[in-house]
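Two complexes come next, and they have one chain in common, chain A, joined by chain B in the first and chain C in the second.
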Partner chain A sequence: MKPARFAYTAPDTVEGTLDALDRFGDEAKVLSGGQSLVPMMNFRLARPEVIVDIGRVGGLDGMSAANGTLTVGARVIHARLEAPAVIKPDGRSESLGGVLGSLLPAVARYVGHLPIRVRGTFGGSIAHADPAAEWCILARTLDAEMVALRRGGERAIPAADFFETVFTTALAPEELLVAVRLPILGDDWRAGFCEFSRRAGDFAVVAAMTAVRLEPATGAIAEARVGVGGVAGVPVRLGGAEATLVGETPGAELHAAAAEMAAGEVDPVGDLHGSAAYRRDLVRAMVARALAQGAGASG
Partner chain B sequence: MSWVGRSIRRVEDPTLLCGAGMFVGDIGGAAAVRFVRSPVASGLIRAVRGPAYTIADLDADGVGNIEAVLHRPDYVRLAQPLLARERVRYVGEPVAVVVGATAAEAEDLAEQVELDIETLPAAVGLEAALAPGAPLVHPDEAESNVMLAGEMATPELAEALERAHTIVELEITSGRQAALPLEARGSHAVTERFGGRTTLHASIQAPHMIRTVICDLLGMPEADLRVVAPDVGGAFGQKLPLAREDAIVVWLSRRLGRPVAWIEDRSENLMASWHSREQRYRLRAGFNAEAHLEALQADVAANVGAWPCYPITWGVEPLMALAELPGPYTLEHYGVRSRGVASHTCPMSPYRGVSRPVITLALERLMDIAAARLGVDPVEIRRRNLQSDFPHISPTGLRHDEGTYREAMELAVSHVDLRAFRARQHAARAAGGPQPGIGICTFSERTGYGTPAFAARAMGVTPGFENVELSMDPSGYVTLRIGASPHGQGLETALSQITADELGTDPSRVRVVASDTDRTPYGWGSFASRAMVLAGGATYLAAQKLATQLGSLAAEVLEAAADDIVLADGRATVVGTSVGIEIAELARIAHHHTQRLPAGAMPGLAAQAGYDPAGTFSNACHVAEVEVDPDTGGVSMRRFVVVEDAGRLINPMIADGQIRGGVAQGIANALLEEVVYDDDGNILTTSLMDYLPPTVAEIPDIEILHLETASDATITGAKGLGEGGTIGAPAAVLNAVNDALAHLGVELNEMPATPERVRAAVRAAAGRSPAGENDRSTQEAPVR
Partner chain C sequence: MTEISAADVAVPVVLRVNGDEYRITAEPRRTLADALRDDCGLTGTHLGCEHGVCGACTVLLDGEPVRSCLLFAVQAQDAGIRTVEGLAAADGTLHPLQEAFWRHHGLQCGFCTPGFLMLSAGMLESCPDIGDDELREALSSNLCRCTGYQTIVEAVQSVRDAGEA
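On to the complex of A and B.
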């Protein structure tokens, strides 16, 4: 359980990082906390030639809110999302309110254990793209945008395009994920997150996130997002369940119907921690509970 | 004032808690050894290419084969090479070995070794290995994979089953487990340049026995090998048998003339150390109308892996099941067939409790199922069946000494307030959602047995006795050298308490020396919940002898009768007077003024003693309270109560620690931990993301109450308790899970009760009964 030989570089700046990525191309792997990458290297499942450690790069660990969007720097550690705070234009720190402000802590507590949460980073998790990782599910469900830099260019990649398959993203070898943009979700939104794992801190067997926007006048669901992890190579959105919800009024019966739809539209592959049939059962339970959680928050 | 019975702090802890322990991996200064292991479950070795040593090198040096022997007619005797010869028999079997400057380099070298293996069909699971035409694990030595088959029956078993009022049939299975010590295995060997003596430091439980077998294999005198177990980070039986790797490390250090070390990594430990307890029990039990268990017929099969372990052999699980299945009950008619079945999987060693967690699971599920069938409360059916007249002789001839089987259960039940729980449960069933359940488990724990019990197993070597050597130095401090090999249990502390009481001194003046063949008398090490009884008994006897010597000397010096001397508080005093002398001063006299010794007395203060009892039974009742989520199958532990009777407690705090650790492992065995192979024999659980030990979040507070029954089975009155936690917890937890879901018609008799299995049982029950369907529909509203 010792890694294969590798070279190591730790640039101080974003520019230096981009230079290194440009130079080493797909021989390089970015280290941002290392809570998944390092164990994979120890198992020799990952054998990067060059490690580009961004732990010394300044300017990647900020959180700011503007125009209904929260921008989370790639090197923000998980623990900071347990009590998310943003820096105001006047330099003061203010805790993030709103629906996203309560959703992030509710999700963060499922991420690993405390030692992982104080080393591992939000951007590291997103770029690692484990299909059962909480932040990947959140990014996919809320249609986050991943901000990628390369020498001489920047692009924003929608979550729908970002996650390609297990541990594989749309990031090019010379690109660095620098931030993730999340919608703050106004007061008319209701969100919930529910996860089933074998032990506290484990990756989810199945986790579900739901977010619905209610018509203020009628209380009916105007917009619905249902995302689940643990059922495919990437976190997935469940259009059938979303369609079941839209136009209806939240309630136990509707939630059960959406959950049933969700269980029917996933196509999981079984593994050691759960057969396909079992994962369907969990999708049903997790989606129903996430919806109920959201409804509870509204009441 | 007695030191025995007090929860004094452990002398072991400051070192360990300050990170100052010395484990094998801390020694350093050695080249790194890495084993190249078979990637396939079964195959013929065509060639091994690369910078590695193979069996050919061992053969050229005349290294012998391991022969783990049981003298039984049904036992298949094998000679096991230290590295695979011609054939590989499980994924992880060591085929070749490399030596590198660092662990990473050794891993690089190992990757360069090419194993050319012709893959053959493998028999992996128990049923596959038993199936007609199954691939044979040892085709040249055995005609089937059944490596031993024990059978016995009491004379009137068939008639007793025939006349039973109710027959209950039951099949229970246990998934394969790994003992998972925090410190994996490891060894470090240095051979002196002049003289050629080798010192082996290894993470093991029985240094003297390991020295003997390694010297036998390498053809060297035992005097030329020193074996030391430094701090050992948990063992649980996994470090009792000879590790082939340790013998090879000694061989390499002698062959290469340089220090070498093998530090097992977690994947190796999970894949290739030893596993345990992949077992299946089929029970047919006859109860009379009063719910008394009259007759029990059992068929037991244990998947024992590809090779036996030395010296215990692969008989240990099936034969323990055969002998101890009747448990704490007054069963009269008993018959059993118990087979050890080889397969193309990692070999098995004893693991904390050996077969008894599964025996207990089988019996305790039987009791709950029978109770339900007969309309009797689970407490009441046990009340009617537990032993209460002692000594009780079991149908297999085991003598149960004084115990408190019923009393422990009554105390546990009153402590948990069963009535209040049932009210909560009733409300939860009406409300739906997570369902509370409670499970009871009563059991006995056979402990502290010496040579007579081991001799009955007919092993090639017969473990048993323990010896100690006790001496007082001129400063009045005491050194106790023991053959047992404690590794975290707190034995040093407990033995110092026994010693201090007999010598009238303070435990802080006692130093215990263990786990070093150069510095301790021959002994069998620490396993089978035996050290407190065996080493404790020997310590007690030696301390009495030393006390006699001190008494005689004091009598001489104080001009009093030896019978009138009392040793207490560091002084030897003439009873009823203030005339006395410091024990430390006596120690000076015994060494430096031997002209003052009584006529004929030996200079110095030293005594030795051995102890070798027949054995004893501890007993306990465990109660588990769980909450089960029928939608996910998730089980969470809510409460765990233990009422333990291990006789006289030397140090109650240490006893509680043993119980807590054992219960935590038992809960993990019940709910989480399982070694899984695929059908081709590839192991799927080689990291702690896949083999799931519990975190602190999965283990509840464990409430412990004690009974202390006096028993003359041991000289100190202490019984062993090291395995009880692991033995009782799985049955208590499984009974609780079943109780939680009883209203849905669920019956689950397989451990671990993983969420997927629990959920499948809920689905199966719903499919069977209309009531189940209705219950489910209240939790999951139908689609519109």
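On to the complex of A and C.
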């Protein structure tokens, strides 16, 4: 229950961090809020040789909105997403409105507990890539882009390519996740999130996020996104459920049909938190509730 | 190049706890919880699960309640730390939260109490008018195996209602 020995460095710049990652390669592990990494180290499930602590690196905790995109710095703590605010070009802080501005707090309240939310970071959760983590489900469902820096280069990795398997991402050992870009959903979007866990603050057994864009003239669904976590090694998108929704008008019957489709297209593995059949039932219920929440009805 | 601390060498760390300065040496892997207990001699902070679930080790770091088992002492350098030893006045007068836990039977064995006190102190200081639902949700961060929680909730509510924290 004590971590194995590790060498430690706490650079105060992004450049210093990239130098350290370049030097130590896969011996190094980035420490941000430490709310997932340190428990794994205490259990000795993780035994990094070198810890690169980015807690003193400036410039990674900003949130800004431009051209329909919200850029969330990797070191933004979960608690800040309970009341998301962006810095305007004139330096003033303004709370983020709109559909994404309502969705982020609704999701943030499911992330761990208060003491976890004031230390743990958005980017840390994304880079940790727990398949049931709320932010990973959000990133996958909204087609977020992960911005990764390495010495002498930057790339944006789409969520579809970023999450590879449990706790494994497309980030190279010498790369640092510095920000995540999320689409600011316009007023024609409806989004919902629903999660089931056995105790408040636990990781989800199953969680679902839905986002649909409505045709202003007809009210029919023009575009649909259905993402779930807790059923595979990565958060997944459910194309069948999405196809069921497109072209139709939101309503209880349509939501039930999409949820049924969702339950049929997942292939969960049972574990001590729930059998495969139980998880499949949860997918049906969580997708239906997320859709109902998005449509403004009670679940 | 930023300085690297070797794994097996204890490095000097300055911890500011309850207004006092503790100059200790600690290996990088030393958690803040262990440093407080073993290096600073402040054994009021308890260690239960050591993986961030039980909350017995909760302390305030720059005013925010955090799990001291999930933080390395080297990370807490330069921060203001408060532990349960800092709650009561120098003359031994109990902090209103300690008084309320006593009055409402918010403890039995007392193992979880330092964590609950620091969690509650951080919560009420940043949000003195916290609603009942939010208060319960915040208190669900920590585990207690004796009380059934109701008396802890009542104790914290009484301090909130009196505006004492």
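We take it that the second predicted complex is superposed on the first by the 296 of 299 C-alpha atoms of A that agree within 3 Å, B and C clash if a C-alpha of one lies under 4 Å from a C-alpha of the other, contacts with A are read in each partner's own complex, and residues count from 1 in each chain.
Everything below uses one rule, namely that contacts are C-beta pairs under 8 Å (C-beta built on N, C-alpha and C of every residue); 3 or more make two chains touch, one makes a residue touch a chain.
Keep in mind that what you see is a predicted model, and the values were worked out from it rather than measured.
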item	value
Contacts of A:F196 with chain B and chain C, given as first, second, both or neither	first
Partner chain(s) touched by A:D12 [first = chain B, second = chain C, both, neither]	second
Partner chain in contact with A:R151 - chain B first, chain C second, else both or neither	neither
Touched partner set for A:A256, first chain B, second chain C, both or neither	first
Which superposed partner A:G55 touches (first chain B, second chain C, both, neither)	second
Touched partner set for A:R119, first chain B, second chain C, both or neither	second
Chain B versus chain C as contact partner of A:F43, first or second or both or neither	both
Partner chain(s) touched by A:P3 [first = chain B, second = chain C, both, neither]	both
Touching both chain C and chain B, counted on chain A across the two superposed complexes	1-5, 43, 113, 200-201
Residue ranges of chain C touching chain A (in the complex, touch as defined)	1-8, 11, 27-29, 31, 34, 50-52, 55, 58, 64-67, 69-72, 74-75, 119, 123, 137-138, 140-141
Touching residues on chain A, where the partner in the complex is chain C	1-12, 16, 19-20, 31, 34-35, 38-39, 41-43, 49-51, 53, 55, 109, 113-116, 118-119, 200-201
Residues of chain B touching chain A in the complex	102-104, 107-108, 265-267, 629, 631-634, 672, 676, 684-685, 687, 689-690, 692, 694-695, 697-698, 754-756, 759-760, 763, 780-784
In the complex, chain A residues that touch chain B	1-5, 43-44, 113, 196, 198-203, 205, 252-253, 256-257, 260-261, 272-275, 278, 281-282, 284-285, 288
